[in-house]
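Labels A, B and C are assigned to the chains in the order they are written; within every chain, residues are numbered from 1.
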Amino acid sequence: MALLQTTNLTANYGDFQALFGVDIALNEAETVAIIGANGAGKTTLMRSIAGVLRNTPEAVSFDGRPIGTTPADEIMAQGVAMVPEGRKLFPSLSVEENLLIGTYGRKTSGHWNLTTIYELFPILGERRNNPGTALSGGQQQMVAIGRALMSNPRVLLCDEISLGLAPVVIKDIYKAVPKIKEAGASLIVVEQDIAQAMAVADRVYCMMEGRVTLSGTPDSLSRDDIHKAYFGAGH
Amino acid sequence: MIWIDTVIQGVLLGGLYALFASGLSLVFGIMRLVNLAHGDLIVMGAYLILVLVTLLGLSPFVAVLIAMPMMFAVGWLLQKFLLNRTLGDDILPPLLVTFGLSIALQNALLEGFSADSQRLPTNALTTASVDVGPITLGVMPLLTFGSAVLVIVALNQLFYRTELGRAFRATSDDATTASLMGIKPGNIFATATGIALVIVTIAALYLGLRANFDPNIGPARLIYAFEAVIIGGLGSLWGTLLGGIIIGVAQTVGAAINPEWQILAGHVAFLAVLLIRPRGLFPRVND
Amino acid sequence: MAYTVTTQTRASRITTALGAVLIVVLFALPFFAGRGTIQDMFFILTMLVLAQFWNLLAGYGGLVSIGQQAFVGMGAYALFGGVILWGLDPVPAILLAGAAALVIAVPTAFFAFRLNGAYFAIGTWVIAEVFRLLVAQWKTLGGGTGTSLPRDATRDMWFVELIKEALDVRSAAARDILAYWLALVLALVTIGGIYWLLRTRRGLALAAVRDNTEAAKSVGVDAGRMKWIVFLTSAFGTGLAGGLIYMQKARISPDAAFSVTDWTAYVIFIVVIGGIGTIEGPIIGVLVFFLLQSLLADFGSWYLLTLGVLAIAIMLVAPRGLWGLLSERTGLHLFPIRRRLIGGRLTSSEE
């Protein structure tokens, strides 16, 4: 039984259907990458899992329990945290307050706390009292990751954490992934950067137009397959 | 000398208006909701204190301590089960629902307490005054102003020093992302309205001690509160205090020139600020 | 396809025919109805006019005003001023009422447009209060206690003599009939005019402005200008209604003429209950409102309490009002134009 699973997941924005029966699974201690072009439905998939978009109860299950209709805050309390696309830091909160909000109303036990987050991303410790939005893009992304880690999640959903960042910064951020896994989290990493995704993932799903078009381990997939699954057969 | 006295009385009156306004400012700051029943809730608070005073034979200052948690509960339930359902992109539902609530509340109070004006019982303390040099200051206005300052200090502490305050600010910034962090926006909003009604109760105490009240005076209190909030700049609590003071001073100065101009002068001051600084004196940056 | 089009034409032809019959009956009403009915109908028609203009503002323009009493009051006072100070006949003075409302609408809009959304609502209310307090200082018109129209002005009013002779009624009844006919004309012109406005290119742009000012800007709609047009139009119409209402009452005071309950709260309830953002809504709403008032008016504050609770319930359960429910069920549209969808509630879901 997978730790986190979607079964025939669909999603709509008004009349527009964004997901058509998506099945993905994430096993304990695994890192799964989801790749796909802009508009493929990756963010919609993440938001459906995290409870921002509602589904039927069985469409999403976590740890054997159906969570498709569970509100976002309760899903987070159960152990699924998200680093949202575009970072979404709270502008009225300082760096440290942004981190602390990840533990709102709960005592969490586990590896992650302010001290260990500042070890993971030392620059955040130096800038702890700055407003979150006064930081550079890469630093903001670190805050967003730290904020999600503060709840010591069992599953971490990362939506395009490399978006808009310089290659050296991306490398810096991805350096944290092994440490996050080590501390006991399983990851779903959404990426448009295929090479980056292949490098960290145990398995890869490729999405196009609201459907999973390809899946497998990184070495079992040829460049050609991925190209087709990414852009469609016509290209 | 008489002018200095007038202005000081106005400043102290501004404390009362700041008390009226703080709850409105708090709720607007967190959920962009303007509660048109705010003034009627103040009046309801005054009646609640009056009932406690009459039934239990308490001093108003003790009765208010019992009324505060009751009003918190009213605010919490009101927000959770009624007002939360109106929040969204469309401004009509919250406006029309709170307007309906305002009318319903006014008439419920009329039905329950009649249109006769009431007053909370005063004692030696509430009618006392102190001489500061050549100027005589009433103890009541001083207490009101002091309470307003205390309320604003307390709210700022709550906002910037507590976990709940962090959650308030985060939810105000972005409710959806806040829910991803384990916050229930609906409960945060309910708590905020609960706190707003605790402040409303304090405002109600001074409203009822200083002057007569009846079920119809709510809308005028809403208007004063609104003017103070706008003058100060949306969401700025110290700005709200200053806004209250400006309205208060305008009213006492207006009244000193011609008693019939008291209210009008307050409104004119508001319009003048709106003309010069449409976003208020201390506008929030990210609105 | 062609068949469908023909049926639709036939259907709307039937509607038009029925409408025409209704209008004829309404005009003929004074010939067979008593004075009480005429007075009730006057009340219904004037409230309908106010409701249509508030609906134009809030339902189509997204401008929720709680200050319409400013225009009713100013219009009414202008009429009294014109009659008492300048010796005008009350009937043409109704136009003066509209003009006065239009004149004060300009500074009102200037201030209120600086406020957004909910603050616009309270802002209009504050400005209405300012006008009430200013008018209360106008001593020649009775100051805070108010005044009445001079007896000879109402007695010699245009058309009254004619109606007296034609219908063989006393002069008080003739005045009511005159007021009723004027209200009927005003209501028909209002509905026709708003329907026309909404079907022009301007009107369609209006929907765009209401739905999203930014988006409207990006497709080249001048949102600011549309807001002004809607605001001034509503002020003018509301002022005319205010003049007419107080011409019939013949007695005025600032508190009554600038009453937020009578001229704005009731009007909002009418529109919300009937269905905001439709022309049919206020018509249904005013009938329901009148019915409720006839049934509950003796219960004093219970009546307003009920109205308030009813408005809340409708806003939550059926935000498109009674007409919205009806047209959903039957697909009926008496005044087909694009209509609004309201609702949207807070959940953590964004569907």
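Here, a contact is a pair of C-beta atoms (placed from the backbone, for glycine too) under 8 Å apart; a residue touches a chain by one contact, two chains touch by 3 or more.
All of these numbers come straight from a predicted model, not from anything done at the bench.
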item	value
Chain whose Cα centroid lies at the greatest distance from that of chain C	A
Chain nearest the overall Cα centroid	B
Leading chain pair when contacts are tallied as C-beta pairs	B-C
Whole-Å gap between the CA centroids of chain A and chain C	54
Inter-chain centre distance, chain B versus chain C - centres from mean C-alpha coordinates, in Å	33
Rounded Å distance between chain A and chain B, as computed from the means of their C-alpha atoms	43
Contacts with 2+ other chains: residues of chain B	176, 179
For chain C, residues that touch 2 or more chains besides their own	348, 350
Sequence positions of chain A contacting 2 or more other chains	51-52, 71-73
Residue ranges of chain C touching chain B (in the complex, touch as defined)	58, 62, 64, 66, 111, 114-115, 117-119, 121-123, 125-127, 129-130, 133-134, 136-137, 260-261, 265, 268-269, 272, 276, 300-305, 307-312, 315-316, 319, 342-346, 348, 350
Residue ranges of chain B in contact with chain C within the complex	33-34, 36, 82, 84-97, 99-108, 110-111, 175-176, 179, 185-186, 189, 219, 222-223, 226-227, 230, 234, 260, 263-264, 267-268, 270-271, 274-275, 278
Sites on chain A touched by chain B in the complex	50-52, 71-73, 76-77, 81-82, 84, 88, 90-93, 97, 100-106, 147, 151
Contact set on chain B toward chain A in their complex	163, 166-167, 169-170, 172-174, 176-184, 286
